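Dumping the structure here so I can ask a few things about it.
Which chain is which? They are A, B and C, in the order written, and residues in each are numbered from 1.
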Amino acid sequence: MVDVDDTRQDDNAQKPISATVPPLTDEQQQSLENISKHIEVLLHASETPLTANVLKQHLSLSSKELNQALTLLQARLDTGVLSLHETASGYRLQITDRYSPLIQRVFPQRQERLSQALLETLSVIAYKQPVTRSDIEQVRGVTLSSNLLRQLFDKGWIVEKGYKDTLGRPALLHTTAQFLDAFGLTHLDELPPMPDIKAIQALS
Amino acid sequence: MVDVDDTRQDDNAQKPISATVPPLTDEQQQSLENISKHIEVLLHASETPLTANVLKQHLSLSSKELNQALTLLQARLDTGVLSLHETASGYRLQITDRYSPLIQRVFPQRQERLSQALLETLSVIAYKQPVTRSDIEQVRGVTLSSNLLRQLFDKGWIVEKGYKDTLGRPALLHTTAQFLDAFGLTHLDELPPMPDIKAIQALS
Amino acid sequence: MDIFDTAAIRIYQTPVQHLPEDLYVPPQAFAIWLEQFAGPLDFLLYLVKKNNVDLTQMPILPITEQYLSYIGELDTEHFELAGDYLLMASTLIAIKTELLLPKPETPTDERDPKAELIERLEEYAQIKAASQRLNNLVRLERDVFLAMVSIPNQDAMSAEMPSYSPNLLLDSLFKMQLQPDYQMHTINVDAVPLADRIASISRQLSTAGSRSFYQLLDKAQGKIGVVVSFVAVLELMKRHLIGVVPTEADSSTTSDTNGTDQLSSNYDIPPLTLQWLV
């Protein structure tokens, strides 16, 4: 039943981080602890990976504070099942790879089945890119769930690039090369021609 | 939203084990620790809450083992920013309430607002179920837009189940466990009581 | 005693003869203002509250007049908003008419329309209050938030990448536009979902132009697939998205069934082709 190797070092938060760093006072340690928790919250709540700059900006941190807090966060996470993952588009929290057999066994469907809501959202992005979140909501007529966008980001099928020059400067969404791969396309031109949605809409 | 019962014995790894529970061997403790991690992984990987039965089945656990592992999981989560909640359709992980203001500030788009029309429609279904479409129209005095119903279906808050034995055999609408989950209820009995008709009459 | 007299409107216990001036809303702002209400019952409730009267003692005549004078402002531009309000207006007028007529000597079984309206208003007011209580509950994704994490890397999860057909995307768009109305009956265990068939047939016809019914079938779906496809075709025809045209090519088969063998020609239905009309 227990098929996962759990014999890892427990880098507990209470331990000094490393000998090379000058020791912190209790107060500094406490403040760093709080910052690391705030980062953890934001990573859990964000639809997209968060860059160092975004984290620094939202939590008003210096680069040094951010790095220290991230180290602390990673140490705290090591006792659990998540890891801090840095990708080209920023940091995200991810279930540690060694648990993938467990996930595969319990949720075999997880990989293959795409929900209609996810496909619709992806189609709107693919055919109408670049689009904002509210463009998608407009076309689909329903509010977009964070979890759904997060799934598309996780699959690496969409990215945020640039901003629309309107109120609030919403981020623009595009599909990626991985999206083309997954659908067996080499170029966006190869997408099947779009149906005349307007005409269908007018009729039905 | 019922927190996992924390008045149970906290079989924390670090703490000495209380006298009422027979002490666990190191090996048992380690195995429990692993089970609690597996539960954490499954809760993170699942798109829906998981019931005690599903967890027991997938991880081959006895009820006692499950409860001990859940207690251990809650204790481990307490050092971070997540908490374990038991809802109508099972256990789920959510970000601890005290961080809600931070999330609302940084990701205002995650805050879902529901229109009055949607809330009223949902209330008619929740309090008077099973109801037909026209029952809702009768109570609200407004034609029901299909967009509004679609939103409720999309959120998984309502389902069609059965038909009313009248002309046209209209479908009957019910709320779902997901509806209860979203509003932090474990049972329909927990809906806020309908306001007293006497209080309503004396509007002025 | 006539409780329906205008004098029955009390504001802070003082009877008033005229409608409160502050109820005036400029016409251009009216539609926007009306959108603040969840419907005619909500609006009526507002008028009752504004007039500071007990719901059970609701004076129908003045309320009706106020209501009608507001609805009069609704111009043709906001017709879609007007429907429900006009229905309510006609109900109010019907009640008003009834009240003006002399009461019959013998009691009848008919329900008092005013009592009925008040009952509806009460029921609505109750639901409205309940919906506010519902809204005050701690709600997921407004007051508390689910924790989101990513699943392990693709390559760690599985060696072979699943590959999807681009038609999945297209079908999803058709489904989005053409999904059967929720009012329609749905088969509980549908091995072949109707929405999927509608989407697939629409995609095939919109790209190919026309096809025979047989060509549109997904042979893997068996008998139930044929039945669901047929329903899908009917649904699309109802929406004027597709039409039926006689097949041209095989005139040879129909030409030899002339006059002489009428009986057999009755059974010999020429094959039909389905065509995309958009």
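The working rule: a contact is a pair of C-beta atoms (placed from the backbone, for glycine too) under 8 Å apart; a residue touches a chain by one contact, two chains touch by 3 or more.
The structure presented is a predicted model; accordingly, all values stated were derived computationally and were not measured.
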(request) Compare the CA centroid of chain C with every other chain's and tell me the farthest one. (result) A
(message) Of all the chains shown, whose C-alpha centre falls nearest the centre of every protein C-alpha atom combined?
(response) B
(message) Suppose each chain is reduced to the average of its Cα coordinates; what separation in Å results between chain B and chain C?
(response) 29
(message) Taking the mean of the CA coordinates per chain, how far is chain A from chain B in Å?
(response) 24
(request) Averaged over CA atoms, how far is the centre of chain A from the centre of chain C? Could you give it in whole Å? (result) 37
(message) Using the touch definition from the top, which residues of chain B touch two or more other chains?
(response) 44-45, 82, 95, 103, 110, 112, 150
(request) Would you pick out the residues of chain C that each touch at least 2 other chains? (result) 141, 145-147, 149, 151
(message) List the residues on chain C that touch chain B in their complex, please.
(response) 38-42, 45, 48-49, 52-56, 83-84, 88, 120, 122-147, 149, 151, 181-183, 185-186
(request) Enumerate the contact residues on chain C facing chain A in the complex. (result) 141, 145-154, 156-158, 161-178, 202-203, 206-207, 239-241, 278
(message) Can you tell me which positions in chain B touch chain A when the two form their complex?
(response) 30-31, 33-35, 37-38, 40-42, 44-47, 58-60, 76, 79-82, 95, 99, 102-103, 106-107, 109-110, 112, 147, 150-151, 154
(request) Using the touch definition up top, name the residues of chain B that touch chain C in the complex. (result) 1, 44-45, 82, 92-95, 97, 100, 103, 110-114, 116-117, 119-120, 122-124, 126-127, 133, 138-143, 146, 149-150, 153, 160, 163, 169-171, 181-185, 191-192, 194-195, 197, 200-204
